[in-house]
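Letters A, B, C, D and E mark the chains in the order given here, with residues in each chain numbered from 1 onward.
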């Protein structure tokens, strides 16, 4: 989907974001190392677009998502939302900003309080931010939103376990929508769903984006979904963005070897294609002790000596960039 | 016609259900009839809860209590596994039919070294010394391309990554040259790159060892990569069987068709995805007739009344649908 | 003039009944709890009935007033004059005021056990009488009140405290957690029974003292549980999303953490209850229990079992009353654990 | 395989069960002349200067001989010479002081012990001299020893001064404190009134005549002690402590002292009775005369008369905390004698005689009354029940006294084993009048109610509060058993309308209450130390008040006339004048009612027919040296009466096997 | 690994200090030295002797703060004496407490060690049996019996055991003890059997839950799928994995053992620490009680530390570097 003109500006800019987790050991539990889950991320999310964040498990994409919303505190860097740095706002202002940024998690069962009625779960954000004057008004809005996502508002007094997986995920979406956010992090939000339900969900998300002018950060490992939904794609490897670009560019002409490998590994559904994927060596190294130089070089089929020595910079071009010294122009 | 390696006839497996039924039980798998020839890969596809895993577990009679097999035959080379005694059944498991599971993280015993777990599998079916078994294990580890195989023999499961654990599982399954490997969602929990490696490994191994594979998955991509034949399941019943080409190119059952159409990978980004309305009904609340009738665009009232018959479309292709024209089987 | 103890006790009982009723209404209004309750009723109707009977007896025995009538009193010469001045409970009033013989009497007997003297109330002691001639059935019924007091009061003290500290420690972590954890480990390092003995020895005998001692020893386990559970819950997605929705910490605790601990509270309450009553019995065996509890009755009666001819009814009465309560409570606890297991909530239905 | 292991384990367990018997003693001891007895709590100390409880004396009495002893058979109790040649008479000196001279037997040896070898190499024992007696008495005066009778002997000249001097010198000089104790005593100059006038002659001088003194010389407190033992056994360097390792002159030596499980005595070959049977010393031969009825009871069997003691080779005491198992073991023949436990009383005794069942088992019964008194006391310092309440209080006490039915109490809690007490003097003591009936100790509800009215508490109602008068019954026994017992009294008083509340606290808190005078009613008992009325009457002597002075007068009773009479009476020899004084004292108590006297215990002792020479004693002195037993008879009897019943074991195994088989069946069915 | 052990030990030391503080508060704010003295010297002891005893024992010193010398307080004394295992003398019989502990330790071990191991073995076997037959009538009966058995107070077991096995069937001596190793087993049979039966109910129920939980895990299914028999499954796979909850339960059982020993020893006349404790309770012998409680806590703390270290052995996942 093309962003509407005049909306070109960045809604969210991430500058050098770093979220490390200390490793404690020894008698005194001193910090002996750091898990570099998010390690110097630069990322722009444009208003109204869907940016997909792709990577394998453990690459730090969920941590990045949480860091953006300050559900996890970062050590360094800025997250500029509408120009305001989320990382340094005082707690009382943060509350107002939070309303603009929401998140939908992967497992809808874990994301809903099993002992809260659906209505209460949805209305919680509204109560917290004082949206709606009274309960009745809020209930009204809950009903409207539920209707909008294809849920029966009469079921709002039910508990999460009384819904199917797909319905639960819709409830999660409604809950996020209820506070009128501008930006939603979708953390593997459709990955756990069956194909038929996934399709419903993706359609719904697209519809909502159009209707409410939302911006999505779509975190996933499923490249098939990315191809379908994303405007732009950022590929993450070991806490860093290795390639960023428009969806077309990434899928048509990936520039980073890791991106190429990732794409080739997706088993195709096309009965004509039964290709052998590109070989990749070894396993993902530990984020507490990342390799020197380019983080991908120990597994890279194209690596040369220089790769192990210097860490390539991410190109900063408006249409995206790549973090590889060998990347073709 | 040669005898198939494994034949399921009218298999029905039930679990206790909270739904209001007469017996308090609901059949999760009903009337499943399938066959696998030696050396063939049959993929059993369906969404979660459609009964594909239960079918697989029923074959090995590993249905956890209080579930039980209600009726049907499970013929392995003509011998009905349901009539075997427990010790006899034990000889089939892991020996003639081996199985690997979805979650390599939890499927290995966390307190036993992986090498020993494979050794145990070998020695359960063959009277060999521990040492010999260990040597065999090393061979197997090399066969499944386990990097640094020798050192890995002494590793504990938690010291291995998911992909390597799945390789251990595969090595364990292959330890006694089974005729049939049941792979229950073998790659679902793995990352794409590791999935690709694992699929490749499976493909190579089955050619090399000439074994049949019953591949259980919900991922059509995986099916496309590995399967010779495909059986699509919906709500406890098989709705369509055929070769890979049959199913992917000429799917006839409305469910199969909509499944393929709702794949985002096959869709064009600008168009809305095809949606199957509603969700899979819960076991025990399945419609009396064709089970897809509640979500089917093509169905009518009649479909809901009577179970759909098997319609043969070609020698390899069959479909259970009232709406599909074809040769109805005599049964 | 000071308000008399029994009046206060009556008010407490009234408050308790109202509280329980309100709680009951609250439970019935929540479909989740109602469903669990329904399952419980369906699976353990007899146990529930017995427990309710016990509670009823205990409550009736807690409501008392001075004066009024007893059933079938004769007011013979030499009767207890003091009892005229003393509050008598509802249960007491089911028995004649001078329902006391002069020593052992066999159940339903019309003469004393040893002396063959005629009883004051021949044939009316359905569980016989004890060494002082008191009616064992009456004593056993009164034991229910003590048991309820021991189990109920202690749990009521323990659970809120344990919850408070457990949640604080688990949810906020850091220094609070360190401090609470230290206290917990210290208390947990003193074997329960030893701590109990020491506490009772230190504070002296008495109902309240024993309850406090039991409370101090039993809050540790539950506090640990609550702490562990809050620690787990804190990391769950729904707590995260509540935070993303701008919910305050108090709100998260009260809306998300606490309700998800309630099933533990209930299970703990039930299992704690029987544990406490049994603990009190053990204390009684060591001579530091509560007067007129079942434990004390059993302790007293164990010697009578060795009497020849055997005096079994005291032991039987007390043991049956104790066992009759513990067994259904334990069964309910067991069943509750199955029913309230959160996994049953996450299953599709 | 688990089933294999289970099976093996089960088989092993069954084998062990089959091999087991209930005989608690090694088989080799079956034919030995060993007397088996039990004790229920560990002795506190075996230091004769400190040991003051029945259990302590049970041990020390066998090991430590005293200068004087009580006659085994004669009643009232009569002193006979033990280590002393004869029982001395008091000599009144010119200034009113009294002197007692003891002369010890020659050639008395201590038991063999390493402590002698340590100080006198080459010897294992040594002779007893009067200096050992001096040393022993000095120890009692030593404040460090903390002897409970130090204040009783204070009338010995220079006794208290010696203690003070000793303490002072210890505080002042470290060198002194480092000396061995006997050196310290010598340095401190000894006790003025205790002197060894010859090697075997002991002189004791008191400030005035004190006839009861001789009784103290029949108690283990005043046994001769070798200083070697006291110095050597200091508990250091692996040596025992003296309070665990007695070294005495008695008929037995303590050979095993495992005080929480087993105490064993063996014959002492050095005992003077064993070394010098030719002396025919009264304490070392079986007596030839006794009180009336002893002959019929078989206690004067010619077989025994004049025979040197002891008659048995070994005594084994086993710890038995609980009465019931202990009694069961007696019935199985594993103890030779036993008391009658309350629980089994009705099985053992029927209509005051042994039941047929017991007779069949060959068990004999001996009854006796012990010189003690159990009573309920009022705290006379209390404003409601005590002196301050004047006439009202007295009437209240009288009324309450009239309500307590001792017979009812003993019937319920002691199987009527107790003689209702009319006064505080037990039978057998001088001054006891069998015909005396205390008017306030007969149950009389009408009279009691009348007294209550006169006291101003009609129907028990205190006019000040309009409610029943409330008293607190303080008890140091919080157990259920205790409560049931106290409840008896409470129930009787409730009939008067007196609301008595039991305040059961633990012992320490009770002590504190008593110390503060914060108690109203209590129950206590007193057992005679020696058979003299003084030992009872002093319990209510004013200056002995518990709260004021910590003395034995727990009721804090203070009555001028009574105290005056007591001082007159206490040192008098038994005479009609003394009887008159005692009578008047008892009359005062009768009216004043500081106590509600309950009962004197009546002891029922059971023993198997193979045991001979059992005569109960109320005072705590040991008579085990007189006992005899027939070991082969006992061995046969035990064998006949202890055939284990095995079939339930097989039944259990069978049941288990059946269940397993059925289980496996079901399992297989379910799995198909 | 070493760092972990050291840290665990330090934590243990902290706990010990905390326990001691608690004991101080509990014991020293409640006692009356005169009461103890009377207990030690006998009811008939005169006041002078009692005063002397109190001074001799140092109970007349200040509790927390002594202006003359900071170390001359009961608090310092308490910590010092407990930590140096110099427990002083009993309030009841004025004998060194350490002697009592030394004397009592062996009989206690004689009783508790076999009781512990046999009990554990039987509980585990019973639980395995029940878990093995899960769903069948043995399982259901086992569960009901367990709950039933748990609802009966300890005392009742002891009385019944003594009566049935000792008095009626004449299998064992009803009570008593003998330090002679050839005799002692005879006296231990009955208390061990009774203790075992008593602990069986709770044990079976708990371990059954553990085993069932483990047998629902995926690796069990894997083992079945490779042809593993049920017995081998239970003993080889399930038991190994159940070790962690098992270990925890074993530690939890230690104080329970203590309690069992408390009543058992006292009723069977075994002169162990449990009996000493009961004696101390009944005799209000606070100094002995304090020492015994401290020893009990110490043992428990050590057991906890050992368990934590044992976890690393049993479970490779917790094995630390």
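Here, contacts are C-beta pairs under 8 Å (C-beta built on N, C-alpha and C of every residue); 3 or more make two chains touch, one makes a residue touch a chain.
Fair warning: this is a prediction, and the values are worked out from it, not measured in the lab.
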| item | value |
| --- | --- |
| Lowest number of touching-chain links that must be crossed from subunit D to subunit E | 1 |
| Central chain (by mean CA position) | E |
| Chain whose mean Cα position lies farthest from subunit B | D |
| Between subunit B and subunit E, centroid-to-centroid distance (C-alpha), Å | 53 |
| Between subunit B and subunit A, distance of the C-alpha-averaged centres to the nearest whole Å | 32 |
| Per-residue multi-chain contacts in subunit B, two or more chains | 65 |
| Two or more partner chains touched - positions in subunit E | 30, 135, 284, 286 |
| Residues within subunit A bordering two or more other chains | 164-165 |
| In the complex, subunit D residues that touch subunit E | 1-3, 5-6, 9, 16-17, 20-24, 26, 41-45, 50, 52-53, 143-144, 146-148, 150-151, 235, 241, 243-244, 258, 260-262, 318-322, 324-326, 328-329, 332, 334, 506-512, 515, 529, 549-552, 642-645, 648, 659, 662-663, 666-667, 670 |
| Touching residues on subunit C, where the partner in the complex is subunit A | 31-32, 236-238, 240-248, 251, 255-256, 259-260, 262, 342, 345-349 |
| Touching residues (chain side subunit C, partner subunit D) in the complex | 77-83, 85-86, 100, 102-103, 114-115, 130-133, 201, 204-205, 284, 287-289, 291, 296-297, 299-300, 303-304, 306-309 |
| In the complex with subunit E, residue positions of subunit C that touch it | 182-183, 185-187, 189-195, 197-199, 201-204, 274, 278, 281-282, 285-288, 295, 298-299, 302, 305, 319, 322-323, 326-327, 330-331, 334 |
| Complex interface listing, subunit B residues touching subunit E | 60, 62, 64-66, 87, 90-95, 98-99, 101, 103, 106-112, 120-121, 124-125, 156, 158-159, 169, 172-173, 175 |
